[in-house]
Amino acid sequence: MRELHTKLKSLFPVGDLTEQRSNLGFVTVPQEHLRAVLVHLRDREGFTHLVLLTAVDWLEAGQFQLTYLLSNRTAGKDLGVRVMLARDGATMQSIHDVWPTAATYQRELREMFGIDFPGSPRLHEEFILEGWNDIPPYRRDFDTLKYAQENYSERPGRVTHDPAAHMKQKLNSGGN
Amino acid sequence: MPFDWMKIPYSLLTLFIVVNYGFFLNALIQKMGARAGRRYGIPIWQNYVDMIKNYGLRSSITHGAMFYLGPVFRLSGGVGLLLFVPTIYGSYMFSNLSFAGDLILALYFIFFGTLGMALGAGESGHPHAAIGVSRGLAQVSTAELPFALAVFAVALQYQTLSVTEIVAAQQGGFLQWTLFTNPLAVAAAMLGFLGSMMRPPFDVVIAPQEIPIGPPTEYHSAYLALMQTNRAIFPIAKIVIYMNLFFGGASDWPTFFFKVFLIYLWSAFVGVVFPRFRVEQSIRWFLIWAVPLGILSIILV
Amino acid sequence: MVNAIYIIVAALGAAFLLGLLKSEKRGTAYVITLFALSVMTWISAGWVWAFVMERAAPVDFLTGGTSPPFSINFRMGLPEAVLTLLASLTGLLSALYMKDVLCALGQRAMAVLLVAVMALTGIILTRDLFNLFVFFELAIISTAGLMLLSEDARALAAGFKYLIVSQMLSVFFLIGIIFAYHATGTLNIDGMATASLGLKAGGAIAFFFLFIAVVAELKPFPANGWGLDIYESAHPGFAAIFSAATSSAVIYAVDKLLLIGGAEWLPMATGIGVITFLAANLFALPQTNDRRLLGYSSIAQTGLILAVLGQRDILGDNVLYIAGGLLLSHAIAKAGLNWISGLVAGRELPDWAALRSRPILVFAFVTFIAMLSGLPPFPGFYAKWEMVRILAGEGRIALIGLILLGLLIEAGYLFRWFGYIIKREVPAQSVRCSPFQISAIFVALASGWALGFVWGELSNQYFGHDNLLLAIPVVFALTFLLLDWLPAWVKNSIAIVGLSLFFYLTFSDYDPLRMIFAIIFLIGGAVILLASYDSKGRRIGFYPATMLMFAGLILLIRATDTFGFFAAWELLTIGSYFLILRGKHSEPHALSYIIFSLGGAFLILAGFALAAQGAPLFNIDALAQLTQPLAPWVFLLLAIGFMTKTAAIGLHIWLPGAHSEAETDVSPMVSGILLKAGLFGLIVLLMTMGKQQLYGVELTYVMLWIGALSALLGNLMAIFQEDAKRLLAYSSIGQMGYALFGLALMNHLGWLMALMFVINHYIYKSMLFLSAGGVAKRTGTRDMYRMGGLITLMPLSFIATLIGIIAVSGVPPLSGFGGRWIFYNAIISSEYRLPMVIIFLAGPIAFLYLFRLIHTIFLGQLKDEYRKIKEAPFWFILPQMIYVALLLAFAVAPGVALRRVDTYLNQIFPGGGLQWTGTEISSAYGYWNPVAIMIIIAVIFGTLFAWLLFVNRKAQKVKQFNIVYAAERPYRPETTHFAWNFFAPYRKALGFLVQPFATRFWDGVTNTLHTAADISRRLYNGNGQSYAFHLLSFVVIAYLMRMGA
Amino acid sequence: MTYIALATGFLLILIGFYGALTNRNLLRMIVAFTIANSGINVVIIAIGYMHGRTAPILDATVSAADALTRVIDPVPQVLVLTAIVIGVGVAALMLVFAYKLYERKGTLDISKFAELKW
Amino acid sequence: MKDELKIRVVKGPDGVEFEVEPLKDYYCEAAPTVMPAAYIKVVEDLFNWARSESIWILGFGTGCGAIEMRPLMTPRFDAYRFGVQWRPTPRQANLFVISGYLSTKTLKRAIRSYEQMQNPKYVIGLGSCTINGGMYWDSYNTIKRLDDYLPVDLYIAGCMPRPEALLAGFQDMKKLIRAGKAEGANLYAENFEWYKANQKRVIHDWDMPDYNW
């Protein structure tokens, strides 16, 4: 994993390696080098499989973090490539031509996070949310409870307990 | 020959007996299938209940005239098939309307219901219906072949096309049955029989989860009830032909019930044991296993 | 009568006179030329009149006051008169035709033309060998001179090549003359003949040189490259003379020479002729230049005539009739075609589409190619018939085969050409012509028909055949040519009334078997014609073609002798060819139809000729008296011929395209009616000849297999079609397979079944074709997968199709079942088992394509663009409804049609028939009661329907997307309609059976022919020297073969 | 003597044909054909010649009465005359063609005039 | 709205152009009607008995509860012996088991399937998600009260209820039917407007006819 990182580092301006396990690591690359890195990893390093493409909303930092998790089947290694994006008007280049499956992930990210991937096929078709009319729900500034209360009628009589307090009480009373 | 009006009530009586026996037998076979799967199975009257319920549904839709006529064709085919063949050998009462035609009439009338049903399903506009029909027709074209060859072998053997005469020729002990006098033909016919009963391994036509039950996808309510009635009559009517041609016919009702049951059991037996064939596989299967038997039977007869 | 010498005098005198005129006086010169030619024509016409009408004896005209051998004598007999008339008339018409050119070129050209015509008449008239040579040289010089005057720059080279060759020929000619003279001491042809030149010392070699020099003028293969160049580059007006008059004159010269040579030279003439005929026709196949093609065709035709002359030992006096027929047909047709070629601007064959702007020219063209192909009612047809008959009588089978093969190839490229004319895009440059030119062509056209009549009369007089142009149906059909200016509906009414009236007048003539066919052909045809009321405008050409087909059909069943039968067969073939060709994209299909049909017709011709053993009039019934070893061969030829028409498998590839691409109302005619002609032929054949064995093989057994395979493969191919009419066409192959199978069973019930199929197939196939055609008309497509859901918009078409498919599939209670029932009974009584397996497999397969037909068109999802279409036109629906009624009636009471036939069949197959007791029909094996079946099914069906109506009385009518769709819903009808490649699994399992083996085979045959022709025609490399070499080698080879033999 | 003439005639014909077949030049071909023509004339004369007889001219030396025994057969002579005339005509025509062809293409090579083929 | 559903201009084979409005031309627009019971009470009782003894369930698993239905077909539970069976097409089904949470996207499909069933038809809500949202109470994408959108005859509580509970629920359903109290279909027709309003409130892209026949 370290060898790989060193090699990558010699080729691209990649960040430090975060080694989760001996066979799973994460590196951060600048947005503009992502594609080159991915293609290199795919064609030279045997990371032929795009396991997933997901995003994390760093609201405070004003950034989205995209994680491209790649897998080298033969070597049994996984490498996550991270890209940090500006949160405002988040746009990322599409990699559907590198891995066709990426198109679906990108479609999902567009719908859930509002990240744009220009050129990705069927990007603006509704995926899970049909007729969505609010900000993308996976953004952390979206208040899902409020939305649910405003939109979906509730059956009266429902009580909500704080799980920790409730369980403590329940256990205590049960323990008696 | 003046028409004997008593034929009508007699025929209705046959119809009544066969419908009930069909419902009973269907349930019984289903139950046996369930038992093979270690289940308890449906109540024996379940098919009656289902039928009543379907007649009892309050609403229905129609896709057009042919959609409406499909089930009518279907059931007419079943009823007609039953009535064109004498049920009980030697009984005037239960010779039904067989004066109208011989074996060939019955054989070709089998397609009456199939065709009408296929047309009705076609008008529903559902692609699965069309896919089901396409599969069904493709499969039946080869499944019928060994049967047709066997029928022809039997007709050659007895030099007649009259069902009554064929049965008559098989009287006098079970060794006179075609089963023993022409085993190849019977073997071919019984393999073909599997293909026409819509049971595994030849039930890709209605493949319930893949093309939700195929042709009848859109049928419901009274349409479905009519088709259910047909499902009670049609297999029996078909089996009656097999019984008459190959197994010496039946000269009384108990023999009839017993023989029909055994023949029906054969398809059920195969059905619970085997998984499903794709269409081209079943076509090949019939051509490779059943048709040569049929050819041999007509050459050797 | 005017002395024949004046013919020559007139020309020479005028030519000299022209030389005296000042060059400005072109108009006068032209008038003089025309006058001279007219005089020549008039004189020869007078002689023809004298010989024909007054039966004058041949006359010799002496020159120099003494009789031969001391002077030259001209003989005027009937052949000479006709040929001089031909030459001078061609000259006159060509002069008219070339008015502009001649006037532009001046007197010299006119003089040369006159000399040319004079030389040709001289060749025809003279009986002196050296004089013949002189006229030959004159002809050559004038020909070359005319080439010099041609507009085409390439003509110069052609003329030079011609001169090179003719120089060599004249050397041979002179050597021949001098040695012949030396041997016999005379130059007179008759003198030499009596002196038996061949027996004298050196006589054979002398005659060889003479013979070869004259024959080489006929452009024999391979020494004919120069001739082609002339045809290609000469002015069409002159090419007409060269082709029509020169060839005729030279052929006559050969004929005269053969008089000297005697019988031993005949085989050589035949050999050279046949080889030339075949090679030229073959080389013409890949030709694209029209005039060169005409050249090849001319060479081929002269080759054929030479071959016929070579058969004069067995043809005897008939040689005049046969060779004359061929020669005149050729001359008129070629002159006409060459003239037409001058009107067409482009030189590629498809450029001739320009003719379409003038229907009369198209008619002329088709007349000419029919004359060339030996089709009735032209002299070539009679000649072909008599020739083949006599040759077969003498056992010259190989020669017949070669000639017919050549004719087939010739018909192939001629009709391909006609297809271009009718179907290709009209080029920008239209036909430009003067009234003179048109009139020249018109004279050719008129004389073609007139000769057809004359030959018909002669045929009647000498051989006892009927004159085709006097047969009422043919006359009726030809009347439509004159009525073509009328609106279509008027003509349609006339046609319908004509057909019905003819049936009314003649229905007592037919026995029950023929009655069935008569009803289908006449009444059935009238019913289908109802659909033609839908056509607007004038529909030029439709009615003559249709009525010609019907004329052929009706003459077919009325024919008693083989000639009548064959003539009818050819008539219906051409008529239907024109009909099929009318379809929008039918050009290639019509071509393969006519080629297969003519091929089949030739087999029939050969079969009849073989059977007749030389007898001029052979009754069809006499086929029964044929014995081994001849009978099986006759049977084989006829059977294959007829099976071509029924499209038995292997010979079927013409059918799908021809039937599906034809117009809406034509498809039912060619499918529902025309196919029955083949069946009728087979019935006649089997009825008279019965079972035949060839090398121990039962031929009917082979037919049984063919029938079974046709049924299976026809049906199988039908299920994979996307095109509705194509599907129906393949289905016809299958249905005809059934009928063939029934006939080949050779028992009573098998025949009854075949006849039932004849009736049924007519009704339901016509109905289905009309229905599919109506739908196609409304939707603008024939692809079934593009339709769908039309049931609500076109309910009547749907009903017709529904009834049709129930009937086709044989499901009770409709009439198809009766056919199946008889079929089963028939096969039980037959001892053949294996083919039945095949036919059993074919049965259920029919369901597949029938369901597909009705489902993908009428059921399923309606498409956007067809939401507003209307029911098919009334005139399409009307016959369909008639058919529905007929089917129901026939289903209830099949006895009306079949009972009499059943009785009649007892004459052929005693016993084994059906019992008709009341409404019940029974055989030795089984029984059925159509009325009872109908009633029972109706009662059951009605009861259940009423019950369902009662239970479901509140059903909500929903629309097409209200279907369960796994909780989703369809968005587009196109993607929801399951129709394309409907039987994909079937293709997976049994698709290997429908590999286009037959198509590949026939493609291979045509490709081989084309490639072979394309490679070998490079022999003609355009170099004059090579041509000289060809000529020399031809002479050497001919010599070696002659002396070797 | 006759045979020598005959042989010469045939030799000339063969030379002519050989020349026509081997020379591509139009003019040479024409010349070759003229030679062949001369050859054929010689042949005709040779065949028509009867040994010891005189020319078929009826004058003082040969009377009409004994012409039958004294003169040779006049017919071949006539033939030759005609043939010569025709030969001249054809040769002239060929020359015209050659001239026109040369005018058109500027060449006399016959293989260059092969636009019309196949 | 999908492009395919928008009005489009089509050219017929005769060259005439016309408009196709898919929602109007391809779908039946009629509203559902209340279907009266049989006129004769005995007949209706017989029918109700038959309906109760022959419950055909639509084989449509909407949420995690679908997993709980499968064991019912196995030898261990064998629901067939109660006359219960699964049909693959809504046309032939009588009972719709909403097996767990319904996202708005699935709700649309559920409504469509429900409407394609024939009167009388029954709905069972399975699990707490259908009752009050359950663990998805604060989800942005799931409904919380099924009976606002479809006429529910019976709820089976639990998260998830075991197959036994389902069997028990079927028995209760039978009682309801036999008593003639399961008239959800008619209820739906009667309160059609109300149901539609509720449905349209949560399904923002309503692009189908009001009633899917």
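Labels for the chains are A, B, C, D and E, by order of writing; each one numbers its residues from 1.
Convention: a residue touches a chain if its C-beta (ideal position, glycine included) is under 8 Å from a C-beta of that chain, and two chains touch if they have at least 3 such contacts.
All figures in this text were calculated on a predicted structure; none of them were measured in a lab.
Removing subunit E from consideration leaves the other chains connected by touching in the groups A | B, C, D.
The chains that touch subunit A as well as subunit E do not exist here; no chain meets both.
The chains that touch both subunit B and subunit C are E. Looking at C-E alongside C-D, one finds more C-beta pairs in contact between the chains of C-D.
A simple rule picks the central chain: find each chain's mean C-alpha point, then take the one closest to the mean of all protein C-alpha atoms, which gives C.
Chain centres here are Cα averages; for subunit C and subunit E they lie 70 Å apart. Rounded to whole angstrom units, the spacing between the C-alpha centres of subunit C and subunit D is 50. One inter-chain figure worth recording: subunit A and subunit B are separated by 59 Å, centre to centre, where each centre is the mean of the chain's CA atoms.
Per-chain Cα centroids separate subunit D from subunit E by 112 Å. Under the contact definition stated at the top, the residues of subunit E that touch 2 or more other chains are 35, 89, 91, 213. The set of subunit B residues touching two or more other chains comprises 58-61, 212, 217-218, 221.
Within subunit D, not a single residue touches two or more of the remaining chains. Across the assembly, chains come into contact as A-E, B-C, B-E, C-D, C-E. Interface residues of subunit B, counted against subunit C in their complex, comprise 1, 55, 58-66, 68-69, 71-73, 75-76, 79-80, 83-84, 97, 99-105, 108-109, 111-112, 114-115, 118-119, 122-128, 130-131, 133-135, 137-138, 140-142, 144-145, 148-149, 152, 155-156, 159-162, 212, 217-218, 221-223, 225-226, 278-280, 283-284, 287, 291, 294-295, 298-299.
On subunit D, the positions that touch subunit C within their shared complex are 13, 16-17, 20-21, 24, 26, 29, 33, 36-37, 39-40, 43-44, 47-48, 75-76, 79, 82-83, 86-87, 89-90, 93-94, 96-98, 100-101, 104, 110-111, 113-118. Of all residues in subunit C, only 130, 134, 137, 140-141, 144-145, 148, 153-154, 156-160, 163-164, 166-168, 170-171, 174-175, 177-179, 181-182, 187, 225, 228-229, 232-233, 292, 1017-1018, 1020-1025, 1028-1029, 1032 touch subunit D in the complex they form.
Those residues of subunit C whose C-beta lies close enough to touch subunit E in the complex are 778-781, 864-869, 954, 956-962, 964, 967-969, 971-973. Listed in rising order, the residues of subunit E touching subunit C in the complex are 2, 4-5, 8, 10-14, 16, 18, 20, 22, 25-28, 30, 35, 60, 89-91, 109-110, 112-113, 116, 208, 212-213.
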